[in-house]
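Remarks on the structure that follows.
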Amino acid sequence: MTVDTRVRRASWVSVLQRQGAAVALALMVVVAWISFPRFGSPDNLRDIALQSAFLAVIALGMTFVIITGGIDLSVGSVYALGGVLAAYGSQWGFLAALLLPLVVCGLIGLLNGLLVAKTGMAPFIVTLATLLLARGLLLAITSEGSTTYRIADGSAFLELGRGTILGFGYPVFLAAALCVAGGILLRRTAFGQSVFAVGGAEQSALLMGLPVARTKVLVYVMSGVLSGFAGAMTAAYLQSGVTVIGVGLELDAIAAVVIGGTLLTGGMGTVLGTVIGVGLRNVIQNVINQIGTLDSNYQSVVSGAFLLVVVVLQRSLSRTADRR
Amino acid sequence: MVLEVVDVTKEFVGVRALDRVSFKLEPGEVHALVGENGAGKSTLIKVLTGVHRPTSGTLLHRGEPVVFTRPVDAQRAGISTIYQEVNLVPLMSVAGNLFLGREPRRRGLVDWKRMNADAAGVLAGYGIHSDVRRPLGTLGVGAQQMVALARAVATEADVVIMDEPTSSLEPREVETLFSVVERLHERGIAIVYVSHRMDELYRICDRVTVLRDGKHVHTGPLADLSRLELVSMMLGRSVGDIREHGATAFGVDHHAGREPVLEAKGLTSGTRLSDVSVSIRPGEVVGLAGLLGSGRSETARAIVGALPLDSGTVLVGGAALGPGVPNAMRAGVNMLAEDRKAEGIIPNLSVRENIVLAALPQLSRFGVVSRDRQDRIVDTFVKRLRIKVSSPEQKVSELSGGNQQKVLLARWLCTQPKVLLLDEPTRGIDVGAKAEVQALIDELAQEGLAVLLISSELEELLDGADRLVVLKDGAVVGELVGDQLTQDNVLAAIASGDAAAGESRAGESRAGESRAGESTAAESTAAESKAGRSGEGES
Amino acid sequence: RENQSATGGSAGPAASAAATQSSGPGCAREQIGYPKVDVKDAIIGFSQSEKEANPFRIAETQSIRDEAARLGVPADKLLVTNAQSDLNKQISDIKSLLDRGAQLLVVAPLNSDGLQPALDAAKAKKVPVITVDRKVNSKPCADYLTFIGSDFVDQGKRAAEAMVKATGGTGKVAILLGSSGNNVTTDRTKGFKDNIPAGLQVVAEQTGEFDRSKGQAVMEQLIQSNPDITAVYAENDEMGIGAVTALRAAGKTPGKDVKIVSVDGTRNAVQLVADGAYNAVIESNPRFGPLAFQTLQEFADGKAIPETVIISDDQYDEANAAAKLGNAY
Amino acid sequence: MTALALDRRRLARWLQDYGVYAAVVALLLFNIAFTANFMTVGNFRTQLIQAAPVCIVALGMALVIGTEGVDLSVGAVMALSAALIPLYLGYGPLPAVAIAIVAGLIAGMFNGVLVAYLGIQPIVATLALLVGGRGLALVIAEGRLTQLHDPTFLWLGTGDVLGIPVSVVMAGVFAVLVALLMGRTTFGRQLVAIGGNRAASALAGLPVKRTLLSVYAICAVLAAVAGVLSTARLSASDPADIGLLMELSAITAVVVGGTPLTGGRVRVLGTVMGALLMQLVRATLIKHNLPDSTAQMAQAAIIVGAVYLARERSNR
């Protein structure tokens, strides 16, 4: 056997291995398409794409964080905070509405990053604390949640969330662009390589002279900025800075990332997998809606069951791939 | 002086690992650093490379005082290091590891195609012919060590430090390593070389520094010292006290029983093992010989149930073993794994707990462990294997490499097994303790234990084993008994049927060369040309 | 205050589903050019905001279903979704209801802000939307047809009045707030605080997140640090009941030593009022079904619909609790 | 300079070991000085009663974290056990409690099988139950809160043993049992070994899968017990809200108590202290009547502060 064929087979195997979630998604879509006539309607597909866009942006940042072996629980709160800040900033025009959330959320990410990288505290607990911090900030600037900032009709900022191309909302294209950029950053740059190295073997990365601390700080900043941006897009879409969104969103993002084949212990993962994971989550939710007659309490039972089936399926696919 | 430390002391909580040690490295020399396990060699190296900050003392680089706060600082100053435990990223591809931090780029983006080609080319020069895209962790320790070597040498450096680089290498790879050392030497690069293998030291080193218990004992030309003198300096005993024996402490043949206690038949697992059969009789030491990646570790893992099998059975005392390690252990079959960092020690547990780990069920009643019996066992083995610990409650991760290895040996010996599979048991162990371990293996065999011995040191295999099974590419290619046990016979067995493989390997390295050539032509950024040069240099 | 049924004679809990219609220019179908859709023959969508895991939501959804059944709407023409407390999901839900052919929409908004995209989608399809129990901050008649629900500020005000009656206008009050960031919390707090006399002093305001066990836990803390509390205003019944448990455990007699007033009108709380362990409950009426369908029918018939339809909320106190227990949900 | 460095290192080590205790003491002192009516028996009783369920759940969580896992489903398991109680209370309190605990056991085994035998990452494996479990509980309870009246059962929530509330006694007993389990038994030692280096433990012949399965089972059983106690205290079965966000409270208590999330170490007493610390923090914020925004930010700062003091320092 020559090296070339060996190489080709190995990469084919690893592609299959990584795409356990893709297979699950494909299956899910086919079944949904056949069982529910409205699943395939353009409106429905557009809605799935749009809903996925917000989560995808957050999960993109989360992917980087998780590959470094960390976790970011603050994304849900930061997302909500970003939305409120965008709505608040929109009174001074487009740029303020965009920059205010990005800067503030980036700073929260920076705080996460510095605490994780410089003090050696567990990311789980650091970001749990900033989850509270961001919620607290949000409540503080909305006078305990009683003020809601609305984006004035006709504000240019609204377009960010509500404009469409071919019926697909701008957020879909923005999310897609960010994910492509994120994929390139992860796979094709030195920074991406050090992200993998830090997560795979931090001590080794340090001994190899990689900028471990800087890498960690950067991924948390990225996660903060991206969550803030998702919040800003959401605010533009909802036309106001809603205070009650984003609760528990971190778990959705983490689930999407992990289902996409990223290892929670770090060192392995792909952006494509995450996108697929996000798609899966929203398709599942959509299918549950399509079933329609389900009692609301059964709905969560069914989504739990779906989640289980998907992980088990993905896991057993990647196991068989491993065996080759 | 390229690098110098003056009066360096390094204290860990409760341990003074270095005590006012001074060390000078001249440009272009190959400087041996020797000492018993736990003498402080690795610690000195870590002080030199900014991993540890000394408690007191100064560090001079080209005569200038420097403070390395992080490993990067040392690397920027031109010090490149291969640490004792492989420090690479197991989940990342081989090529990714090799080029981590200096990836070849095209239009600002990492050029994977070229990186893989370059990596394959570079590694072929080190005798590693595996797919560079597979995760590094799937390679054996020996192969990983070669990758670490290739990586360390590829960076522009004027000092290269190697901490026990040959501890899991085969004679053939050791030769490769020596030729690398030779080349570095010619380029005027200074080398610090740590090893417990005396032959190697005498072959390549100019000068030697001896450490004992964290203190500096001697520095001088190696040629001025006889082996015996060197060993006595390391151990701190007079020359007369040291028994003179051969290369190893193994005695003569054992009296093996008639019926094999363990029979492995037709072990086959993916592409790694094909139809390997081994049997061991009580009281017999069977050696497994073969080159790096020949499947010796895999054979041991398959026997103990740690490698899923496609086909094949393992019989112990005539009864087939169920799958999984616990079954094997219940039948009295134990394996000492080769990779002590990944598969051996439990880093955050104490030495005591690491030793008794496998024997816990035997040491407890109704699931409640008896502290007394633990302490007795631990005490016995710490003394017998001369494990250097401040207390049995010390974290095992704080021990020196050799002492960790001894802890693992103790773990398996205290379970009182019937069959012991030893994968590189003396890896990283100092001369004194090595003889001790070898004598112990002899003694255990004499008492009726069946031993499977895997070692990268051929002498150890030839002297220690009663019978030798030679593996190649995951298949048995020969079996040697009694008088047949000679180096030449082993090499001949390995060489037989080598033709096909040789051809394809030659093809690969040519491909590697031409790609590296291309890249030099296509210079566009400094980083690129640097990567290109390094690729060229090694292939 | 009127407590008479606007929908006529149906007895039982639905009896208190009366409306006091507030003024406003009115919104007529011709005026905005929506098609005439008769309620009985239409596909009707109902978007619920949270799981039916508390009495209010259970009663609310049930009231919509019951009324639809009463009017003879076939089961497969009433589409019901549940947003599981996720705002984005509620938007998707509403869009998917439209997608599935809903011609009339009743929405229980999760939040007053943020449903704009869903309302826009309905508007584009000329589907009238009635929001129940929570008003949305959009333009009535243009973005949605009308709001049917309670006036939360008024509920707070009535709670304050009941509190004055119970305490005689003096004492130290602790407020158990609802979830932070929720506009129901904001309104019920404002209505209460703006209407208590100076003699009633608010000594603590802590969130119990509309949850019984959190209400209980917070109350336990407050009794320890402020043993002189004489009254508790809980922004929903569950927290109020939690406070009762906490007070009892601390050896106090709720309803006597410490007066308790809360908002909702669940059976458990009204029972406590009847038992004398509670002082008053301001109802927040969840039975929107009859009014909602009636309003939709009136809209179809071309009548002008006011921008706000306030449902009448009952009130339970020592005097009437035992008698009205059957009305509680 | 050397002496100074050593002193600092010793202080750091001391803080790492006793940081939580110091934080608890500091907070107590603060409250004694600045909080009205703090030094009363009733107040301490309240704090202990409120901390007990978190503490019990955190003990199980500490074991799971020791194996380098995490169990997000504890809150849902509490809800399940709460939902089952009214169904069987008719047969007497004992059968009802037994059924609730068996349900916990089954849930835990379910998690354990996913993690140990199917090799699914703990966070997602238990997420499935977090999402589905509460739904199931609500389905069982038909979405309703049920008022409970059985006096024997309610005794669990309000009664005393030797003047100490039942739930506090239970928490104490469990803490001792878990401490013994970790310190004295083969199981405990194997658990930390598996958390410390799973590959090595497998090669050392430890029953890795069985141990993991048991750990998740224990964790869920403890969660079910906490569910029973909380239900008794509330005198109502409230599957919609009971144990909501309990997973985060429990993990926080464990981590603040000095158990690293990277596994391989379990600090039992630290966990108990962690639960107490978080309880005191909450109590302090409520007693000083801080608005929610400030309270949340203050809580964030205190968590970071406590964990910062107790963090593992690299030994360079």
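Which chain is which? They are A, B, C and D, in the order written, and residues in each are numbered from 1.
Here is the rule we use: a residue touches a chain if its C-beta (ideal position, glycine included) is under 8 Å from a C-beta of that chain, and two chains touch if they have at least 3 such contacts.
By chain, with names taken from UniProt: A, D = ABC transporter permease; B = Sugar ABC transporter ATP-binding protein.
Just so it is clear, the structure is predicted and the values come from calculations on it, not from any experiment.
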Greatest separation from subunit B - chain, by CA centre: C
Cα-centroid distance, subunit A relative to subunit B, in whole angstrom: 42
Between subunit C and subunit A, distance of the C-alpha-averaged centres to the nearest whole Å: 35
Centroid distance [mean C-alpha coordinates] between subunit D and subunit A, Å: 29
Set of subunit D residues in contact with two or more other chains: 138, 143, 291-293
For subunit B, residues that touch 2 or more chains besides their own: 51
Touching two or more other chains - residues of subunit C: 51-53, 180
Chains grouped in pairs wherever the two touch, ordered by label: A-B, A-C, A-D, B-D, C-D
Complex contacts: residues of subunit C adjacent to subunit A: 48, 50-53, 79-82, 84-85, 87-89, 91-93, 95-96, 99-100, 110-117, 137, 179-183, 185-186, 190
Residue ranges of subunit D in contact with subunit B within the complex: 1-2, 5-6, 9, 13, 184-187, 189-190, 192-193, 196-197, 199-207, 264-265, 315-316
Touching residues on subunit B, where the partner in the complex is subunit D: 11-13, 51-53, 55-56, 304, 306, 325-326, 328-329, 334-335, 337, 342-349, 353, 357-358, 360-361, 364, 367-369, 398, 411
Residues of subunit A that touch subunit D when the two form their complex: 115, 119-122, 124-126, 128-133, 135-140, 144, 251, 254-255, 258-259, 263-265, 295-305, 307-308, 311-312, 315-316, 319
In the complex, subunit A residues that touch subunit B: 1-3, 6-7, 10-11, 184, 187-190, 192-194, 196-197, 200-201, 203-211, 263, 267-268, 323-324
